[in-house]
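The following pair of complexes shares a single chain, chain A, combined with chain B in the former and chain C in the latter.
What follows is the complex of A and B.
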């Protein structure tokens, strides 16, 4: 009886127990199909070959279930009719409708005091609930019945990728055509206006990128674009004619000048520390011979980041002003959080072409959503008193927004800017798949030659650019104008004057280099521009390190790897694949119900249903298996490391720095050494995922534990707790909601890397997404696959957020 | 006939008319856009071909592009040419783009290619599986080529390029089954060429056997690589062609593709482009300059152009 009491005091635990029991019962009912479903494609293959039926009728299903065997359509939801709702008014369904209505009304009737008056008082409720009963009984249940046990027709859902593909092709090539004269072939061609429009956007971005790039490292594309507009011939003809004139190209600024500029800018914005960071980063880029690709990447970030920030702020403000806008963009923002960036590369190639502009567009799509979210969050947090103060001082709308709201919300908006910069550099490698020049492309080239050392140096360049840009923009935004200083012209402009002086000094220095290096055989002026890969390099050192690891550690690692694969990963993967679809639904929706009630159950269930109806359910299961393993290990390591480091101020600072670095460090680099050590196996993929996904739990644990109120800790100490007691009874419970947000981010990070893991070799959703990229691309499949990945992320996200919110309310934080 | 192909025909017609009338048509000054992929020989060849065009007074620009996605870009005119169309890896994407219209063929290189499973030199030297490269020797060697997750079976390590879009089946899956090797062998698909090279490197360092997908001409040629001698290919033997799949890969072609406007906008450059013809040896040289001599790709191209002026100047005549 004690046990029963124990359970009845904990209803959630009981519910969870029931869900688990049902889950395992269903798991044990796959008998006939068990061997077919533990490998990814066997079930589908057997259906195609006609060895098994894809679905059986109701009566047969029931008899199968009675024989402890799930019918095939509940094991894998194969090809179901999706678009055809069925209405059935036969007696059975009318009875069901009546029963549903009665059930809905039962509580109200039972609780009413005056039974005779009940009908008259509650007439509206009766009609509305009767309506619900009719919908459920005559529409929902017959439709569900037909889905699972009715005639099998090929799912309309499976046609969606093709429909999307056809639609986009129509939009680009056939919709609203206009003849465009091409002077090159002296003929008219029909162009879709949509395509002309997207190309115009692309051209504008490309012009901006080239402008910034050529100011940094020289070139002539900008001059050509300008000549196109301002001369009466085509820009390239103009260039051919004026090739020897001084104004036919933009000269590069010597790296020495830019480096001096970085020192001064850092000093002006914050002080010596930033000055040294910015300056030495520039020196690193130049000395290691990566100046040119670094400036190519920088130019593309300097265009993509401001555009993202601008879009982010605009949409954030619009969403703040209008509920409708907020409602419309919220789902997009949610999906964007976990939508894999690979999935939208193909549509971008089709709509915008390839080149730096395409890379910039991919980056903007990737970087804008966090900016919108943080702007909106910041604006919402502005307290009403501040708004009132603004109104009382007679601000009109514009002033209220730009002088009051945005400056007050600055903290969150700045975090947004920080996120944008991080995201832009995180995309540096991916963007080079669709034509972006710079560090990312060179990194891929280096990796293809297995030059890990060189790739590492390039990766450091990317991190340095990210850190410097981030710190500079933060310092700039935090700089307060001193309105009361009364300074002379020289005092006010001393930095500008200094810069002018240094500019000429550095120019002179660079010019001087002509003599210094005149004798060397290569004739390179190292003070002007150190050519690509002509600087110093530490490559041999890293190469030796990798070689050492492979030749000395591989044997031991192999034993561990074999154990992990055979004893842990392969059984885990097999058990995920062995889950009949219905059991997966019971488990996820059950957990959803326990955490957030019926609403959460339905939300999670809909996400899963979407995936189940696509042709990629098994692949999604494999993605989930890798995700689960990686998240469990990452959270375990992350919280422990975080909890240890937070004990010491210096360690805290250090670990946060490590987190920042690894977040921007291109993950592609560690794919190669990991393959060398662990082979083309799931272990390799998971290690790469964990290295990246361990960042958020660490960071959030540190921050969560740091933010536990001092007074509570003092109270705990006074009550005589030991250090361990204090940690487990006070600090962890209070930091728990924050740590859960870290887990949430961990899921997002892990999903991203699991998809990138396809480069090593997986057979999950990521592989299919890559396959779409390789086979020249069906836009529809790419988008649908992206949605599948996003929905896995969103389902987890929903559960964790709901739980964390409840915990916070319970603890009285927030 | 769709409108693209009719345009192509028109362009070809004008081109032939121009040559008949003996009029020299000048090339447009717009840059010829050359794609750069991520393997050395292709990148060097991009700069070599760019250099040839530049020597003829053309403007050239380079753009990084995915090696399969590039055919759609050529079709749409964002990229002008692709000078390394491998039959096995990109044949599908190439013909799909051609069918949609906008992409034309501009000749074939002399270099013959092989794209098939094989073993690196050290597998033969250390005699890990006696009888290789004959495929029959594979029988009984399964455990030599096993990996941690293969359950004792030998692994054919494949790249991501051999999945049939219609059936979703891998070429080597068919072959293993058709040759009756499926008790002892299985296949595994990596996601990128990088993964293949890393696997070769690691296997050599650890002295483990490995069967891996590779191609020639490639930089691995310099270390020595043996393609497994499967039963010879004939049309109709693969499953997609109606056969059972019990054959090796054909000796493949290496074609050149171009946008359909290229002959019209840059007639001189197009003429040179159709004549450009590299042999296996030349491609090997280009790759070796980068992979062995550790030059940068641009330098390698400049050096190759300087050393082989007699070869490429003939193309421009």
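What follows is the complex of A and C.
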């Protein structure tokens, strides 16, 4: 009796219990398939081989269920034949149609006061609902019936990738052609305008990147690539013809000039601190022999970041101005949050080819959505009074936007800029898959050769560039003008003049270098450029460290690893794969219903259905298994570390700094030592995932606990709680919604890394995406796979956000 | 003649929020009942407002929260378009102005101060004040020069390069005031400018405001929900309820002759010595000759002279602007005002 009372006071708990019970009942009903679906692909194979049917009729299904056995179509949702709708006018369905109509009209009839007049008054409603009844009863339900219990004749959903692929090929090669002169065959040839357009975009970006690159490291190669853009001949030919012209041998800027420039710029924008940071970062890049790749990366970022910011602000402003635009782009922004990078790459290769420009485009596509989101958020948060003040000051629309709205929203917009810069550098490695040069490419090489030390140094380069660019842009945005000082020309332009002076001094310096280093180092002028691999390096040290770890710990680690794999990971994976699809749906939609009612259940259900209908349901299950494991461990570690660190001010600061660094640190680097220690196993992937995904829960725990109102804590102390009591009774409950947002971010981060884990070797969605990428790529598969990953993320995101919003309202925090 | 012309003239102005506001208003034929509109999903902001404000006059608009004060102000500054009715600024029809004319009007003739200051967070004090001038296209040097004058005027000298976040509320509002005055507007709108300040600062800012008005003599529309503030500042007061102007009159008349039950309730607790002038309690000079040596002006508020009059056993002569004796006031009358029932008093202020 007590137990029943307990449950009736907690309806959500009861509901959850029911969901779990149903889930386990369904799990236990795999019976005859049990051995087959543990090795999931065997199930699919058996169907293909005809050993089991892919679906059975209604009567047989019923008898199977009565025999405690799920029919096969509930184990693996059959593919939807969406362009062969079934229309059925047999008596049963007519009856269903009538029943549906009656059901729809019942409420209106029951509530009407004047029953005799009801028909006349509500005729329109009756007709429209009757129509709905007919559609549902005669079309929808028969189709559904056929889908589940009929013969699967065509698997149209599985053909979508091919259709998309064909469509993109059509767009590129056959749509809207125009003759273009081709100098190679000396004749006109038909080109698709789409391709010409994408080429023009690619060429423009490439030109910009090369322009910056020419300025930074310049020299021979970039002149050639620039020449390639401008002339019809090959750049090399052109260069040979113009060999003796002065511009063919324009030297690059020596690294000393840029370094001095960084010192000066940092000082001018903010002061000594930034000056030192910027300057020493440059010195690091040069001294470690990474100057050239670093400048390649920089040139790429200096083009991609401004373009992303510009697009982001433009779309943000448009969305702010027009509800329609906002409505249209919102779903894209949502999907972009969890869409895996690799999935972008396939279509980009198809449309834009390979090279720096393709990398830049991938980066822009990746970095723009957060910028749009933050711009829109910032603009929406501008108080209406400030807007009125601007209008009363006599601003016209343009002034209102650029002098009032955007500057007032700058806090959020600057966070957006920061995000863009971080994303650009995060993409540096991934962009190198499709031909972007620079640090990312070198990092990839180092990874392939398992050179930990070098990879680490390269990673630090990337972090430094990210941090310096971020701080410089922030300082630039916050710069203040002084109207009082009545300065002379020299005083006003002293930094510029100083730079000019330093410029020539450094050139002179580099020139002297020609003699200084004349005999010592085979003509390498260190004052001009420290070539790749000629700088100092800490590689031997790291290598020794890794060697030590491998030789001394390997045995112990192996035991642990085997235990983990055999006792934890493999059973977990097996049980995920053994889930009949219908059980997965019951669980996810049930949780959705408990958290956010019917609406959430439907949203989560649709995400899952999409995945279930693609050919990659099993792979998605593996992704989900890794995701679950990684998120549980990360959240566990993150909250504990966060909770401990928040007890002490210094520790708090330190842990936040660590979080920041690890977030920009290229995630690939974690992979090397882990692989060396754990081999190519799921453990390696999961460890790499956890190292990355543990950041958000830590950060959000720290923030959440720190933001618990002082007064509440004092009140708790006054009522005599112990420190632990206070922690668990007050601080954690209040911080919990915020921590849950950290969990949400954790899922996004983990998903990102699980997909990257394909490099180590997994069998999940990421692997499939990777294969699409390397096998030349089918646009359709790439996109669909990307959507599968994105939808897993979005389903979790939806659940957690809904829960956190409700919870915060309940607690009265906002 | 131009003195006769009202600076602001409202002619049955309506502002109704909601989708089919205009249609509903037409159907209602000018008779707007807030509840009916509410049922249809509309909110009545301003309901049939008609009044005039003369040059140099200060009209204070009063009412509870949500009574439509801000909405009225926003209609007159055309930050929102009125749903119906006409508004004239110095005889020109505001509602039919093009965007360009409107911008011109705002750049040269109007200034506004906001409750939450509405300063631009990325600009310094000086830049904020110079902003309307720069928007107008004045050179940076001129605008900054003028802004400096304004800084001195509102007493913020030395804080030119502070950012709004580095200033106290009162100082921020001084910046808001300076900004609204930078273009030398003829019409000055203030929407609860002092509500966000604590009482002491508010008093100080009111004094400051009166000082400025003494120097500048603008036409002012001032919104507040603080009756004391209204009494201190107003030439005339408009009391609003649910978008309707219940009464528009001098402070004394509003207190003494409330037009509606609502206004009476509203003014019930107002100490009358703060509103009434000596003029309203003086009696004609009778045959008595034994006057006090004290003299009071007929325009003085009773509150300000009560103590002196009460301290004097004899009748005190009342002077008009030309220092002629126009009547006498007895301490008994003053006591009556201070402590007695108010219903019997007649006003001739």
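Please note the rule applied: the second predicted complex is superposed on the first by the 725 of 814 C-alpha atoms of A that agree within 3 Å, B and C clash if a C-alpha of one lies under 4 Å from a C-alpha of the other, contacts with A are read in each partner's own complex, and residues count from 1 in each chain.
FYI, contacts are C-beta pairs under 8 Å (C-beta built on N, C-alpha and C of every residue); 3 or more make two chains touch, one makes a residue touch a chain.
Being a predicted model, the structure only gives us computed values, none of them experimental.
Trainee: Please determine whether it is chain B or chain C that touches the greater number of chain A residues.
Mentor: Residues of chain A touched, chain B against chain C: more for B.
Trainee: With the two complexes superposed on chain A, say which partner A:437 touches: chain B (first), chain C (second), both, or neither.
Mentor: first
Trainee: After the superposition on A, what does A:383 contact: first (chain B), second (chain C), both or neither?
Mentor: A:383 sits against chain C, while chain B stays out of touch.
Trainee: Mind working out whether A:299 is in touch with chain B, chain C, both or neither, as first, second, both or neither?
Mentor: A:299: touches no partner chain.
Trainee: Which holds for A:393: it touches chain B only (first), chain C only (second), both, or neither?
Mentor: Second partner only, chain C.
Trainee: Output check: A:408 vs chain B and chain C. Expected answer is one of first, second, both, neither. What do you get?
Mentor: After superposition on chain A, A:408 lies in contact with chain C alone.
Trainee: Based on the A-chain superposition described above, do chain B and chain C contact any of the same residues on chain A, and if so which?
Mentor: Shared contact residues on chain A (touching chain B in one complex, chain C in the other): none at all.
Trainee: Which chain A residues qualify as touching chain B in the complex?
Mentor: It comes out as residues 41, 182, 184-185, 187, 189-190, 234, 236-237, 239-240, 345-346, 349-350, 353-355, 432-437, 441, 444-445, 447-450, 532-533, 547, 550-551, 554-555, 558, 561-562, 565-566, 569-570, 671-672, 675-677, 679-683, 757-763, 766-767, 770-771, 773-777.
Trainee: Residues of chain C touching chain A in their complex?
Mentor: Residues 74, 77, 79, 99, 103-104, 106-107, 110-112, 114-124, 126, 131-132, 135-136, 140, 144, 160-161, 176, 179-180, 183, 189 of chain C touch chain A in their complex.
Trainee: Note which residues of chain A are touching chain C in the complex, please.
Mentor: It comes out as residues 383, 385-386, 388-396, 399, 403-404, 407-408, 410, 480, 482-484.
Trainee: Which residues of chain B touch chain A in the complex?
Mentor: For this pair, the touching residues of chain B are 3, 7, 10-11, 28-31, 36, 38-40, 43, 57, 59, 63-66, 68-73, 76, 78-79, 92-93, 96-97, 147-149, 157, 160-161, 163, 165, 168, 188-195, 197-199, 201-202, 205-206, 219, 261, 264-265, 290-291, 296-298.
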